[in-house]
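There are structures below to look over.
In what comes next, chain A is part of two complexes: it sits with chain B in the first one and with chain C in the second one.
Moving on to the complex of A and B:
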């Protein structure tokens, strides 16, 4: 029963026109980046990870996801979370599911699963397209790390896979909080606006050193540290901090969503 | 038409009731949507829930389906108390509440498949067949491949009905099922309700269309301003209280004074009298008249129409709309 509900949820998400448009947009990012680096022949510019992109196609997926995590991926996660509960309530389909019946806790689980599956799919898709586009435009001669060493292609792929998991987890954490908002309203746009405003405000707050006591609590603070997967060997402290922080967001978001959903009139 | 196995309210029935509410109350903030609703839905009945817009029909239905938590009161659905028994009872309940809710970007068939995936009683292998059967039953088979977005109001309503009928149900709850349907569509809905009734399902239909309820229901519950003002078997309700005798007599004056002496209320009407049967019976009235020497040409039982009953029960509101209720009273006689 549960597997068919989960399957139905993912199929439903994949059938949505806006999901397809969103995925198409996400796929364009690594292509545009690869193309941009390729045409910006010469100075190879930029600090940090951007500096090693030239002639290093395997870095494109990492750089793409790293860039997208700041705005694009939270946006997509918030859209899915918004459609999941607020959107269903708006169309009157939430009532149908509850009368079927699906228990409210299980419904939240189904929604969280859909969000996770689609996030993993989207991030993986971006990574795969990134590898292909990066290799095509910039060439592939192993993966150069930020520490200056070069990894074999197989090792590079492993690093990319690891990064995909980390980024997906951050995306799901944002989505879980968005789901909590989604459980309180019938207006999907409210959910997206609330989520994106928070992400942007968090990033602005992260710029003020006078507020550094606040920074460990902002999920956005953890985003840059994930790029440590590109060091050799990988220093795990920042990565584990970021993941732990995202885990807290995931737990709190899911908990709030559950509390709201269970007592909700629909 | 009166069945002898009536008066379910008096019997300490345990199994004969498909749904029951006790002292149901729902507040939204400071407004009370529903108050002191004691509803009884006998098994196998077609209960018409009647009431003006905003009388609490939909709120009551939503509480009955576990969608809304009552502020106060108890609900029993198919023998289990809600909300705890929801997972046990609801698989046997099909519902169309507050208009059909579907995804605009999916076709009618895809929408039903999604509904079916969440039906506990439907094995995976039977989903396809169940969806086709339901589409066929509501007459949507031809339009099943089209997107829900492009459906007419009537088609949307039919799809909602199809979703309620995906699985054989013990109880079907239809909230305003004929909204937006043309007369042919309305007849089809009535036919489906009659079929469900024949198969032994219990049906709860809410409506503000009186004729619809009168045509399809065995039982009626009238809601007004959030409370049940009358409920029971349709035939009984129509006979109770409101019944009168229409007596055709040339001696109106004599008849009136005789009846007045016998403390029977009556008033002149057309070529005769209208005699209220409250506290008396037809033979007694005729006896009184004959003894007084008033010639009785004809005496007809004045059957109360649902419309009149409804008008009386929801009087306050009807009064504001002028004489419309009285018009139907006279026009709808006999």
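Moving on to the complex of A and C:
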């Protein structure tokens, strides 16, 4: 019963044209980045991972996901969260689900599962395309880390897989909060606008050093620390802090969404 | 109906847990209860620190710097604020340092014969062979390790200080004694006291804090936030330059970039073959003379930078620029004489006449 519900949820999501367009857009990112670095002149250089991209195709998926985590991936997560509850309410299909003899908590978990599955799928797709595009345009000589060591391709793939999991978790945390917003409205656009505005405002707030007491509460503060995956050996402090931070958002988002759904009139 | 209440309560508990988690994450890690350790005589502890052999360890070091130094592009880790790095050593002279700088990283590996400095921001490796006449090719790297730095401080200043043990502390999850070196009253220094947390078991310094006159907070703290003692992975002490990185030598780099750094002249003069040393103990003053051509080589914009951080001073000794931080003062006379020390400016004015 539950597996059928989960399966149909993901099928529904995949069938929406905007999902496909979104996925297509996401896949373009690593290709454009690889092509751009390949055609760019100069001997590389620059801040962070961008500096080690040249001749180092295995880093493209990490770089792509790291960049996309700031705006693109939260946007996609918010679209899926918006469609999940607000979209269904708009089409009148949510009413049917709410009066059905199915627990509303289960409904929420089906939505959350759909969000997680699609996030993992999208991030993995970006990573795989990144590996292919990076290898094709920039070459693959193992993976050079920020610490100047070179990992074997197998070790590199392991790092990419680890990063995919970390990024997906951040995306799901953003999506869970978006689901809570989604449960309160019938307008999917409101959900997207609210989520994206928050992410952007968080990032702006993160720039002001006079507000540094606030920074540990912002989910966006945790994003840059994930770059530690590219150091060798990996320091886990920042990665675990970021993941715990996202976990708190996931709990808050899911809890608020559940409260709203349970108290909602059908 | 009852089930609904249970669900609501569970959901509310989830929200609360998340919110509590957020505030817990935001709170700085507490120092925890100081451990209780058997008392130790200060003299014994100093002796043990000086003779301790830390052996192999790996750990994370945090530098909390409130010295008021200007940010220098080459060594961003020195600028005010908190910076952390990771260090590994095998206890026999091989070591590895990883210094993150934003999202980039500087890695310094000393494999016993060669020192490699890797900078991810410019994809460049600087390789310097350890030569017989210069056994310490990378003194900067060594000084970054709090254990070595503290040992040096203790060795140089113990006879000029009142030494005491002021309770215990927990540093990097290890029990430690707080060894306090207070400059004797006759020492004319900016430093009020230096507190060194000494590991109770290994007698290795885990944290050094420098306190200056007139402030309650340390002007600078260097210490481990995490340490694991024991043999480290041998692979950490090897370095192979990445395939597409540029490998240079420090000599080649110096030829390119020397004149861009205004502070290089001062640094070099004081570090040179034989800086002149005046006084002893905490109020030791180092003196040197910068060659006149190095003084005039400083480009205009670098001169502006120098002016921003210094103060024009003059006296019976002549005139020059005074650079002040909380723990040290540097006086650069216009004729190229330089004196520096952890002393108030008056001591420098009195000493500069003796510089040859």
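Of note:
One rule holds for everything that comes next: the second predicted complex is superposed on the first by the 264 of 266 C-alpha atoms of A that agree within 3 Å, B and C clash if a C-alpha of one lies under 4 Å from a C-alpha of the other, contacts with A are read in each partner's own complex, and residues count from 1 in each chain.
Everything that follows uses one rule, which is that contacts are C-beta pairs under 8 Å (C-beta built on N, C-alpha and C of every residue); 3 or more make two chains touch, one makes a residue touch a chain.
Being a predicted model, the structure only gives us computed values, none of them experimental.
When both complexes are superposed on chain A, chain B and chain C fit side by side without a clash.
Of the two partner chains placed around the shared chain by superposition, chain B is the only one that A:96 touches, whereas chain C remains out of contact. Applying the stated contact rule after C-alpha superposition, one finds that A:4 touches chain B and leaves chain C untouched.
More chain A residues lie in contact with C than with the other chain of the pair chain B and chain C. Of the two partner chains, neither chain B nor chain C is touched by A:58.
Look at A:105: by the touch rule set out above, it reaches chain C but stays clear of chain B. The superposition-derived angle at chain A (between chain B and chain C) is 150°, Cα centres, a multiple of 10. Contact with both chain B and chain C is seen for A:263 once the two complexes are overlaid on the shared chain.
Contacts of A:237 after superposition on the shared chain: chain C is touched, whereas chain B is not.
Of the two partner chains placed around the shared chain by superposition, chain C is the only one that A:148 touches, whereas chain B remains out of contact. After overlaying the two complexes on the shared chain, residue contacts for A:248 are found with chain C alone; chain B is out of touch. After superposing the two complexes on their shared chain, the closest approach between C-alpha atoms of chain B and chain C is 5 Å. Residues 263 of chain A contact both chain B in one complex and chain C in the other. Interface of chain A with chain B (complex): residues 1, 4-5, 7-8, 12, 15-17, 91-103, 263, 265-266. Across the interface of their complex, chain A is touched by residues 4, 7-8, 10-19, 21-23, 25-26, 60, 86, 98, 100, 102-105, 107, 116, 118, 120-123, 125, 226, 233, 236, 239-246 of chain C. Chain B makes touch with chain A in their complex at residues 62, 65-69, 86-87, 90-91, 93, 95, 97-106, 110, 113-115, 117-120, 124, 163. Of all residues in chain A, those touching chain C in their complex are 43-49, 51-52, 54-56, 104-105, 141, 144, 146-150, 213, 216-217, 224, 227, 231, 233, 235, 237, 241, 244-245, 247-252, 254-256, 258-259, 262-263.
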